[in-house]
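You will see two complexes here that share chain A, one where it goes with chain B and one where it goes with chain C.
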Partner chain A sequence: MTERFNDSFHPFVIPFLAGMAFVITVCLIKAVVVVFQMESGERRRYLLSLLKPNIIVKNIYDIIVDCLLHVRLWKRNRMLGFMHSSIAFGWFMIILLGHIQVLLYCPDRISTFYYPIFFDWFIEGGQHTLISILLDLFLYVILAGIALAIVKRFYSRLFGMRRTTRPTLLNVIGLYSLWAIFPLRFIAEQCARSGNLTLAPWWAYSIALCVFMCVLPFSRYLHIPAEMMLVTMRNAHITISRPGKGIARVQTDSCPNCGVCIDACPMNADPANLKDSTVYLTRQIRRHNDRRVGQISDKCMLCGKCTSVCQVGVDGPKLRILARAARKYNIGPDFSNVRPDVPKSSGKILYFGGCMSQLTPLIGRSIESVLKKSGVEYKWMDRDGGLCCGRPLHTAGRLKEARELVLRNQEAILASGAHTLLVSCPICYREFKERYVLPGISVIHYADFMIELIQSGSIGLKEKSDICYVYHDPCELGRGCGMYETPRRLIAQAAGIAEAPKNRTESVCCGGSLGSLSLDFAHREKITRASLQNLYDSGADAIATACPLCQATFSRYSDRPVKDLAQIIDEQTVAVIDNSRRRETGCDIEGATLAKIGN
Partner chain B sequence: MHDNIVIIGGGIAGMEAAKALLALGHTPILIESAPTLGGHVGRWHKLFPDLTSARELVARLRSEIVGANIFLGTQVISMNRLADGYSLKLSNGIVINASALLISTGFKLFEADRKEEYGYGVYDRVITNADLEDWFSGADDARIPQQPQTVGFVHCVGSRDLKACNGQCSKVCCATAIKQAIEIKERFPFARVYCFYMDLRLFGKKYEDFYVNAQRDYAVQFIRGRVSEVSETIDGHLQVKAEDTLSGKPLKMQLDLLVLMAGVVRNTAVQELTSMAGLETDSDGFLRSRDNEYAVVESGQPGIFYAGACTGPKTVPETIAEARSAALSIHAYLKTL
Partner chain C sequence: MTDFGFKLSKSSTIDLSRVELDRFEELCRQEPGAKVCIGCGSCTASCPAGRLSGMSVRKVLLGLQRGQKVNDMLQCCMLCGKCTMVCPRGINTRNLILTICRIYD
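Then we have the complex of A and B:
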């Protein structure tokens, strides 16, 4: 292996060097700006986390798994997974092996850091080493990935994607230069190896690299460095707090514009909403198009499905709530004189039905009936009307007002003396979980509560019903609170259960969500019908859900009965007559999450 | 056989049309799925504005159509288009070849339990307008207390309500609510009666007098605002929340009885029949007339005619007038064959 020339420089490396210098400078500036935009406490926490050995290991592991191997994408779509990881991991390996190659065969050139990129031009006869063979192998892998990318650009349906984004001009330039880099490298290497020292392919290769790197900070390819930063921020538990700044900025920059969220978005049952998916939100935030950012943010139902399918973890709902919160209102509600009237419930369970339970009285009635059957002592906190939990204000971006409601409720609930807060509405449940501080009081969803009652023998099950239910995961309970299995277990004890094709994290929003500020009724109807169709496809006789809003929305158009979990359990259970047994098992429950059981 | 006329639906529209066709010298065949004739009106107690007996009207019509062929408890199973008419197969096995068909399948009352927030089927003291008519006619109803002190009427339940999938006005409930409020006051003079309305549409002959009477002579109170939610107190009373939109104040009151004015919606039971006949549905969900201004009783299909509430909510006099009009149109149509 010998050097072809005495001189270790050729003018064609200049475009590459210029592009490299440019991209590194811009990305460093961006990173520094982001860090300075963070709140001082968070900034300190973030920077310290970068020094902790266990977090460093986790960061490296996550970057390899998420950014290079795209394991999450593999799980979702193998073709897309192969395409992305072949390019990302292949490229990474080429850079790594290239440097090893220089280190091994011409160590005095290791500081000339364009050598690994243009190795075959400067060095002759390097093609038969093991490293060189590996390098060629990874280049072929990348070329296969690029071939797939080209096919996907024009026939995205082959990859299981019904819709994909329309790229902007800079993205197109970035895309074509990225496609060009590796075939040009291949041609240039093959020419040089066969002794043909034409300069044209080398110039083209270097220029393609330069164009790609110059476009990178201003196109979707910014996601490559941004995603790595996002991984480190996530591992430092940094949360979104300011619109367009800090981690919010990194999240928007991390969006690779893959468009997976377009097909996932339930609003796209109506093609009028195609441009309101999260991928368009991040695009408009980057362009500082405040009008469109406002529109897209207001329309969303905040169901969180885009986040659950997102490969890099862009939190669409949070970004939207922040955009809503940035709006200034001249007037706001005044809660200073409002005091929720909470009954004294020392040593008892306090049941909070929420506003929706007033509109769907059957749910509250079923829960009360189950409570009575079990003999548990309880008080209904808002039977006669109470304060809102605060979530509607919170999702509308009125964070200060929501906070005020939360504080008033919190104070009253703490003063009641209850040991358990039982909640039937997942919208309230999520708010209680995320925003309330209730020391000494366990907040429990009725699905967990009822399964405890059944397991402890506090209520008895009737013979299983013949009806087969399909369970619809409400957004706030499933993706919002992570509760998927308990409701299914409950139904399975009481009746038959079937699964819809899209369920659990991929459940389709019912369309009734109070998250949207601007979706009108006609548009919501289309979403509801699409969501119902998904449930019909299970072939079940009836629909079960665990959210009063989903229930009310589905009942409007459903051709089969829609019931809340509480209704089903109430219908399928009986009181346990044997009081001694109840007392006996009562102790077990007390040891668990529940309360004293009276007789 | 060439001049067979089949009337599908034996409510007042079908009966009145049969009567008119008999007078014109035809022998119509009347098919009714229920075991008795009379339809919704047969269930009603009194008719507005003169409070005449609905049963008497139905009984008189019944006595006037004895000459017609009447099939009770019978449905149309299938229908085929012939060159000059239609072939119908009935659930009793009879096949009829008809030259003309009259669709008088009427409407369906909105299922009030679909507005769960009003508590029909959930709370003991919530009934519908139809339940109240049954009670007026003498049926027992445990939900109606012996001596109610306060009674509320909720207008527009399932009407003009997109959330109930029914955007149109049911037309007859405003006057029905006033009529029922007056009847309640006559039975319980000391009860306070409230009507919760969003608009009062009192367009017909003497309806306005009816409304004035209710306020002046019966002290019925009209509150402009929809009821938002209903709950039950521990002692079994109803607690109703509404907004008085004229004074802009929220209201909360206890009631002993709440009557829901369930609206008029399309009769989904005849969907199969209308699709077999190739009849179109209008944007309001009811059957589409050939012309909504000029040819309400004609369908888009030759030889198929409409009468009554199958094309939209109608009052009794409108239905009777349409039935006669349809009979004349059928008579004229048969002459062209």
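Then we have the complex of A and C:
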């Protein structure tokens, strides 16, 4: 293996060097700005986490798995997975192997860091080593990935994507230069190896690299460095707190514009909402288009489906809540004089129905009936109306006011002396879980509670009903609180159960969500109908859900009965023994068992 | 003037030509539902904040249409959304309230 020239430099490397210097400078500046914009406590935590050995190992593992191999994308869509990982991992391997090649065969040139990129120009006869064969192999893998990318650009349906994003001009330039890099490298290498030292392909190769790197910081390709930073931030448990700053900014920069969230978004049942998916939110945030950011943020139902399908972990709902919180209001609610009257309930269960249950009184009545059958002592906290849990204010971005409401409720619940807070509305349940501090009180959802009642024998099951239910996962209970299996187990004990094609983390929002501020009734109908169609596809006789809002919304358009979990369980259970005998037999749910469920 | 035993009393309605309605027009532009309201009061009947503070979305909207100042009534709104669910005209009441809070002071 010999060097072709005495001089280890040729002018065609200049575009590559310039592009490289530019991209490194810009990305470093961006990273430093992000770190400086973080709150001081978070910044310290983040920087310290970068030094801890266990987190370093986790960071490296996550970066390889998520950013290079795209394992999550493989699991979701193999074609897309192959396309992305072939380009990302293949390119990484070419850079790595290229450096090893230089290190092995001309170690004195390792400091000239463009050598691995233009190896075949400077070195003659390097094509028959093992490393060279591996390099060629990875180049073929990348070329296959790029061929897929070109097909996907024009026929995205072949990849199972109904819709994809419309790229902006800079993204198109980045895309075409990325497509050009590898075929040009291939041509240049083949020419040089056959002894044909024409300069044109090498110049083109270098310029394509330069264009790509110059466009990178201002296009979606910024996601390549940003995603790595996001992984390290996630492992340091940094949470979103300020709009456009710190991790919120890294998240918007990490969005690769892949468009997976477009097909996932329940709002897109109505084509009018196509431009309101998370991918367009991040795009508009990066463009500082405040008007569109406001519109997109207000319209979203905050169902969280985009986050559950997102490959990089962009938290669309949180970004939107922050955008809403940045808005100024002239009139602010004032709850300082409001005191909810909560009944004294020391040693008992306190049941919180929530505002929505007032409009669906059957749910509250069913829960009360089950409680009575089991003989558990309880008090209904807001039977005649009470304070809202604070979640609607919180999702509307009025965080300070929501906090005040939470404090009012918290005081009242703590003063009641109850040991357990039973919640029937998942919207409230999530708020109680996430924002309330209730020492000594366990907050439980009624699904958990009822399954414990059945298992401990406090209520008896009737013969299994022959109705087949399909369970709709409410957004706040499923994706919000991670409860997927308990409701299904509960239904399976009382009746038949079927599964909708899209369920669990991919369940389709009912369209009634309080998360949306600007969608009105007329515009929600299509969303609800699409969600219902998904449930009808299961072939079930009736729909079961565990959210008063989902129930009310579905009932409006559904052609089959929509029931709440509590109603089904109430219909299918009977009291086992009367209360006096219960104490004798010691079949008492209140003490030990409840403490267990709460934990 | 002949005494008929009764007389025409002065109209108690508000002279809309003298009321400044710029902000109400702005409200209708941002949330067209403001013009669709028939004043049925379903929102008020279902309002949990009404029980605690006497808040009434119907009164607020009626007042704003007449150019009266009734905005502080909205100070106890918890945005719970029940009014939106019961509205027979399908008005997005929550957005209406938020828009009022933004435009008026």
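To be clear about the criterion, the second predicted complex is superposed on the first by the 578 of 599 C-alpha atoms of A that agree within 3 Å, B and C clash if a C-alpha of one lies under 4 Å from a C-alpha of the other, contacts with A are read in each partner's own complex, and residues count from 1 in each chain.
Here, a residue touches a chain if its C-beta (ideal position, glycine included) is under 8 Å from a C-beta of that chain, and two chains touch if they have at least 3 such contacts.
Because the structure is a prediction, the values reported are computed rather than measured.
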Query raised in the report: By residue count, is chain A touched more by chain B or by chain C?
Result: C
Report task. Would you sort A:514 into first (chain B), second (chain C), both or neither based on which partner it touches? Result -> second
Report task. Mind working out whether A:332 is in touch with chain B, chain C, both or neither, as first, second, both or neither? Result -> second
Query - Which of chain B and chain C A:405 touches, first, second, both or neither - result: second
Report task. Please indicate which partner A:359 is in contact with in the superposed arrangement: first for chain B, second for chain C, both, or neither. Result -> both
Requested in this report: Once the structures are superposed on A, label A:555 by its partner contacts, choosing first (chain B), second (chain C), both or neither.
Outcome: first
Query raised in the report: Which of the two partners, first being chain B and second being chain C, lies in contact with A:388: first, second, both, or neither?
Result: second
Query raised in the report: Which parts of chain A are in contact with chain B and also with chain C?
Result: 358-359, 384-385, 521, 552
Report task. Would you pull the chain C residues touching chain A in the complex into a rising list? Result -> 33, 46, 48-49, 51-53, 71-72, 74-82, 85-87, 90-92, 94-95, 98, 100-105
Query raised in the report: In the complex formed with chain A, which residues of chain B make contact?
Result: 114, 116-117, 119, 122-123, 162-165, 229-232, 239, 241
Report task. Please name which positions on chain A make contact with chain C in the complex. Result -> 298, 327-335, 338, 340, 355-356, 358-359, 384-388, 390, 392-393, 396, 398, 405, 512, 514, 517-522, 549, 552
**Report entry** chain A - residues contacting chain B, complex
**Finding:** 358-362, 365, 383-385, 521, 552, 555-557
